[in-house]
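Below is one structure. I have some questions about it.
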Amino acid sequence: MLDVAVPAEVAADLAAIGRFVAARGWVPATAGNFSRRIDAASVAVTRSGIDKGNIRPQDLIAVPLAGELPAGVSAETPLHVARYRRDAGVGAVLHVHTVAATVLSRADAAQGFVELDGFEMHKSLSGVTTHESTLRLPVFANDQDTARLAARIESALPAEPPVPGYLLAGHGLYAWGATMTDAQRHLEGLEFLLQCSLEERRLHR
Amino acid sequence: MLDVAVPAEVAADLAAIGRFVAARGWVPATAGNFSRRIDAASVAVTRSGIDKGNIRPQDLIAVPLAGELPAGVSAETPLHVARYRRDAGVGAVLHVHTVAATVLSRADAAQGFVELDGFEMHKSLSGVTTHESTLRLPVFANDQDTARLAARIESALPAEPPVPGYLLAGHGLYAWGATMTDAQRHLEGLEFLLQCSLEERRLHR
Amino acid sequence: MLDVAVPAEVAADLAAIGRFVAARGWVPATAGNFSRRIDAASVAVTRSGIDKGNIRPQDLIAVPLAGELPAGVSAETPLHVARYRRDAGVGAVLHVHTVAATVLSRADAAQGFVELDGFEMHKSLSGVTTHESTLRLPVFANDQDTARLAARIESALPAEPPVPGYLLAGHGLYAWGATMTDAQRHLEGLEFLLQCSLEERRLHR
Amino acid sequence: MLDVAVPAEVAADLAAIGRFVAARGWVPATAGNFSRRIDAASVAVTRSGIDKGNIRPQDLIAVPLAGELPAGVSAETPLHVARYRRDAGVGAVLHVHTVAATVLSRADAAQGFVELDGFEMHKSLSGVTTHESTLRLPVFANDQDTARLAARIESALPAEPPVPGYLLAGHGLYAWGATMTDAQRHLEGLEFLLQCSLEERRLHR
């Protein structure tokens, strides 16, 4: 295994997103995990079971994109690594557990996607320039074998996914972006859209 | 273009409203924008994509009310500028994205307004002195051409709108006031009324 | 009019409850008002329109319980004063605007009370020692003539109300207690009970 | 009665969980209580009526697991003590009052449990390794005689409960763990699951 240190700037970015997400209650019970690209060959991933509101440098592990995963990383590291391997333009991947994401991922699991239509917030997603659009946030069945799950997800996602995120049924939301700033904006935008969709279903049910 | 500096007092006011609104989660994913009048001829507007919880002087642009818009301002600047041009008494304009505003703006888009009836909170709006009143918060269809949208809104609004705000369908809430304090009170009052209306629809549906 | 100063301890108590309540979003748009007894003859009341999260000594007015109200006090001061006049054991009165209180006060206005049955949280109210009880939180019709409203409320309330609070329809929640600590506990307990009741109505509707 | 001091480390643990829980609004109106094991023979329990967001050493009482309860402890201390007596592996017990726990405990009181099925968050509970599981969170009828209630609960719980928590109907949630960290993770995980279940019932009702 490559022994790569996590650069201070990468650690600072991950600590900042951790504080943001923890303050919103999106990572209850030590759930959730975050990663950021270090360079073309490696990424930094949060360790399992850490306090997401206070991520210290020792809570991160540098993971080579080629070869075996080091010990101690989050069990969901294969889902992160698969995104970076698939797309050299991915700079950060974020995974959270929110009530809206969990509930809608189960409601729409059979359909395979949550449909979002006509929201101005669509424009929070890189490349979307108008609310006059219909977005489909994919929903994948959950699987404790995360290597197998990662392979299934990547084979289903197109090379350039129109929506920079997906749901795992009964589990939570993944979002990514070219930079941590983009990934955070996508995460916030998708979570807002899911909250709106959940409210509309309650109202019009 | 006029080269107007943003006075420190104006910048402080905009930074304060940014902290307030960001803390409530009303500007997810860098959404939303704020402005304050500098003088009869110009206003300060937030730049696009900034962190609303930490608005620095360089995040603001002075915009002349006559002539072309400078580069870098929020795409929704025409909606702000139109309010100041129309009414010399408008001192601040605030735009946020909340779940209640987004959901109700879509639910009542065809009707063209959200009706609010009999709430004590009506009195948070300047000029309203009793709960024994029926308010109509206008809802306008969204449009990515914000100059065209601004013209449509201003031609629909009376010279002295009874409610100091409107909704854009699927987009969010605009509110204004003679001062930043008034605009904030109107924003909070309207958002509270929308939350109550959303709850009542759930309950009595 | 008596010229009574507000003792520092009384001002500190009111500033503390203001911070608590503002942080929860229970006083949007400068709504709400608070008071605390100074002595047998006077109480301190918040001025109208102040920032409830930052109550300074100059934001308070000492109000004599006998005679005319001084200028500048909240329009709802008669409701506070009436409670202190009626019951020498009342030490603090708190009024907030929450979504649950507003919505349920309208839903149950015709019935004249919100019924609460079997909650452990009943025990947060002084004198209630078991969950095996049914509480009725009175709902009064709102009135902009607050002197007339106060007289109507006090004529309806028994000398020793079983529940230390009431709702004004479409307006909000009042709660009181022998001390500020008691009044805060009653406010929190009643608001929690209203939130539970609102959820149960949604669920079982 | 044994006169045991509360070690500083135990007091620090209880102060930290108090801040966490109070910030989330899970202990309104001085409700809720927390305990941590000191050693094989004694535990530290919060006193009645204290500010849970600011637990000081003097707000704790060391309680011997054998013999009579000291004066001043929370009325629900027998429920805590019974857990420690029953299972030497229990290191901390937490009790909170949340809206979701209160509402679901009443909705499912007759059935005697809240059923949770297929959530990834199941894995926040020690010993649960997959979402492909069905959990039953027990619901017990509330009782002001907490010694009698504790006996009833312990006779119903198996020696090794599959879920480290239970609900009291109309009252709230209890959760425990081998350490304070485990107990907190169980508390957060169960509360998240209850929130998801409440949302799903609203949606699919």
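Chains: A, B, C and D, in written order; residue numbering restarts at 1 for each.
Going forward, contacts are C-beta pairs under 8 Å (C-beta built on N, C-alpha and C of every residue); 3 or more make two chains touch, one makes a residue touch a chain.
What you see is a predicted model, and the numbers here were worked out from it, not measured in a lab.
Ranking every chain by how far its Cα centroid lies from the centroid of chain C, the top place goes to A. Taking shared numbers over all numbers used, the chain C to chain D interface scores under half, which places it in the different class.
A straight line joining the Cα centres of chain C and chain D is 32 Å long.
Rounded to whole angstrom, the centroid-to-centroid distance between chain A and chain C, based on C-alpha atoms, equals 45 Å. Residue positions of chain B touching 2 or more other chains: 202. Chain A contributes residues 24, 118-121, 124, 129-132, 185-186, 188-189, 191-192, 195-196, 199-200, 202-204 to its touches with chain B in the complex. Put simply, chain A touches chain D in their complex at residues 25, 28-31, 97, 99-100, 102-103, 106-107, 142, 144, 168, 170-172, 198, 201-202, 205.
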